[in-house]
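Common to both upcoming complexes is subunit A, partnered first by subunit B, then by subunit C.
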Partner chain A sequence: MSAPTGNRMWTARLRNRAVAALPPEQLLPDRQPAYVSSWIYVFGVLTLAALLIVLTSGAVLALEGPQWYHGSPVGHFVNSLHLWSVELFFFTMVIHLWGKFFMAAWRGKRALTWVTGAVAFLGSIATAFTGYLVQSNFDSQWISTQAKDGLNSVGVGAWFNVLNYGQMLLFHVVLFPLVLGVLVVWHVLLVRRRGVVPPFADREQADPEPEPGAPQPSTVEVGS
Partner chain B sequence: MIARQRHRADEARYAAPWVGGYRRYDLVKEFVVALGVMLLLTVGLAIAFSSPDHKAISLRDWATAAPNDFVVTAVAELDGTSGTATYGAPYADDPSAGQKLGPVPLQRYGGVREPVDTARDFVLAPLGTVTGDADLTSALSQYNAASTDQQQNWATAYGDALDKAPDNDPGKVPDGDYGPVPVLTGKLLDLARSGGLDGQLLSSGGFYQTDYTRPLLFLADGSYLEDQARAEHLGGDQWGMMNETGSYPGQAWLWLYTFWYQVPPFSSSDNADALVWALMMVLSLVLILVPFIPGLRSLPRHLGVHRLIWRDHYRTHRPPPR
Partner chain C sequence: MNHPGVYLHWGVIQISLANLVVIGLMIAVFIIALFVPFPGRKR
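Showing the complex of A and B:
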């Protein structure tokens, strides 16, 4: 019995499609269009960096258990790292979001990039909210007893029971981060696949004019 | 039709490969630098400002610090006038209770999935576990043997008397036909002060406990929790739950959600939660679907902020007219 050859295997076809959609030079290019020249572009990667710190500090908190930070100075410091990385994550993400809005970054078949980013933003709010619920302190008590009214008022409070510590802990450390992780990876891959949105062009100009003396690419690298 | 054709032409133009100039851009270096900057900022902020950790309030704390409020709440659980007793779904089946979105009783549609009988769960069942107290046993027997109407009359009369007593002090309530209710609520206060009630309300028949629905509902039915929250600027009309104890930014990203609760008609509506949630769902959907909403998707072109973002590019390229 001979082994199935090359491209007949579904795994090979899947791999070929993945490489075709995101060739390595497009996934991690060493150059960007010349218009990518503003501080606003930094806030996307700052958001990703803050998210990595959020996940790492959260993982350390998870290693020691939910009560650790109440009684240990080290635990309290790690909790502070977790809190401030979340604050920075949202700060940079909101600037990134506004920046992309002002650029109308959904232009040129990039709508799904915007949609995944917007859903990730809303998912981040839900994830952070459950974090406040599982601090097991006064803030958790007050926020949960207040928030239950909103969720109950639209009939979902029994499934998303903010008073159920166990459920909220699992939502916060497993369910929501998993969904958020998928959304963020999807969003970043779409950014790489579709490229960075070009500036608004004058409609009377047929094509974007190359800058004087700028090198002309021989192959398509971004924006395809 | 012309607008649609123009939109399609724009989409094709912006999706086309960029044929202008390029610049070197090391994405890995950018990420490493960003990670370093964010790490420094995080550590600096954590060292400078730490994080809040205001100790949770136990039922024992409440019963010790505000015994009168505790007893008033216990009576309200018995006579069915507490916040939880009158809440409706998902805690109790009450067709007249619960918020509506216009004519639609969304809260009721969720069903009673966390049933709570406040008199039984918060007062009578915990007291039933206490042994060796003849007065309590007698009071429980008398209460359980009485008709529902009689139980209600006793609890209501005692609740009214407490409302009129100075500081709602049970010790200053005049004599009346309260049946065994004063003994029951007094014994519940003793149980709470000993710390026993915290465990009793948490217990759901198993060894491991992770669901705090009942103790939190009971705690929130009293005034003590809200008094502590208001002292920490956390009241609903103080931008509520987006804040946290101490001087910390809290969940600042919830500002829009919290904002609606501060202004009419939401601030004075009995259905404020349902209205605010519905509004936020619509606004969230608009945010997600911006690329597909004519007018809104063209707004950034007219705002002109892109001229600042791409000012280097527009030095050599003609910007579009607004």
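Showing the complex of A and C:
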């Protein structure tokens, strides 16, 4: 029995398609266009770094439970770490959003990059909102009763109940992080695939879709 | 933390001082990021 050739196996076909769609040299480039040497370009990765802290601290909180994070010094610390990393996440994400909005980052076939980022931003608000609802204090009571009226007034109250603690907890720790995770990974892959949007002055050079692996007109070493 | 927040009112607009400070900081950092030169940038 002869071994099946690579292109007849579905795993090989899947790998070939994935490598063609996302060439490794684009996923982890060691050079970037010279125009990214600006502080405004660092806020995307700062947002990702903050999100990593949010997810890690949230996983620890979920593993240890409320008696730990409300009743022990280390629990209080991790609980606070979760809150303040979310504050930092939104702080850097809003600046990233402003920067990309004013440089019209959807140019050069980057519309899907912009849309996934915008939807991830809205998803982040929903995730943070459910986080405020599961603090189990007077803040969450106030926020949920106010939000209930607002959500019912726009007709989405039949889909979920913000006064349902168990439902909001599961939304916060499972459903929304999963959706947000998929959106963020998709967004980052698109940034790698399409490249970082250039300033307006370089528009003529950037609008055509570059061939995979084609050298950029002016690049700098990453980290130099 | 154990006291009511400070709120600012301007007509129909109402915002907590804490939120206003955060928005001001974001605008300040945004402007700084646009104009402060990036280390190692060659022009």
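The definition used in the following text is that the second predicted complex is superposed on the first by the 195 of 224 C-alpha atoms of A that agree within 3 Å, B and C clash if a C-alpha of one lies under 4 Å from a C-alpha of the other, contacts with A are read in each partner's own complex, and residues count from 1 in each chain.
One rule holds in what follows: contacts are C-beta pairs under 8 Å (C-beta built on N, C-alpha and C of every residue); 3 or more make two chains touch, one makes a residue touch a chain.
Note that the structure is predicted; figures quoted are calculated from it, not measured.
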### Query
Just subunit B (first), just subunit C (second), both, or neither: which does A:I95 touch?
second
### Message
On the A-aligned overlay, A:S38 touches which partner chain: subunit B = first, subunit C = second, or both, or neither?
### Response
both
### Task
Please tell me which partner, subunit B or subunit C, touches more residues of subunit A.
B
#### Entry: Partner chain(s) touched by A:V119 [first = subunit B, second = subunit C, both, neither]
first
### Message
Quick one: is A:G155 in contact with subunit B, with subunit C, with both, or with neither? Answer first, second, both or neither.
### Response
first
### Message
Quick one: is A:M103 in contact with subunit B, with subunit C, with both, or with neither? Answer first, second, both or neither.
### Response
first
### Query
When the two structures are overlaid on chain A, which partner does A:Q26 contact: first (subunit B), second (subunit C), both, or neither?
neither
### Contact residues of subunit A, present in both the subunit B and the subunit C interface
34, 37-38, 40, 42, 87, 94, 99, 224
### Query
What residues on subunit A touch subunit C, complex-wise?
34, 37-40, 42-43, 87, 91, 94-95, 98-99, 224
## Note on the structure
So, in the complex, the side of subunit C touching subunit A is made of residues 22, 25-26, 29-30, 32-34, 36, 38, 40-42
### Message
So in the complex, the part of subunit B that touches subunit A is made up of which residues?
### Response
6, 9-11, 13-28, 30-31, 34-35, 37-39, 41-43, 45-46, 49-57, 87, 89-90, 98-99, 101, 106-111, 113-114, 210-213, 216-217, 219-220, 225, 228-229, 232, 234, 236, 240-241, 244-245, 248-249, 251-254, 271, 273-274, 276-278, 284, 287-292, 297-298, 300-301, 303, 305-306, 309-314, 316-321
### Task
State the interface residues of subunit A toward subunit B in the complex, per the touch definition above.
28-38, 40, 42, 45-46, 48-50, 52-53, 57, 69-70, 76-77, 79-85, 87-88, 90, 92, 94, 99, 101-104, 106-111, 114-115, 118-119, 121-122, 125, 128-129, 132, 135-147, 149-150, 152-159, 161, 163-167, 169, 194-195, 197-203, 205, 207-212, 214-217, 220-224
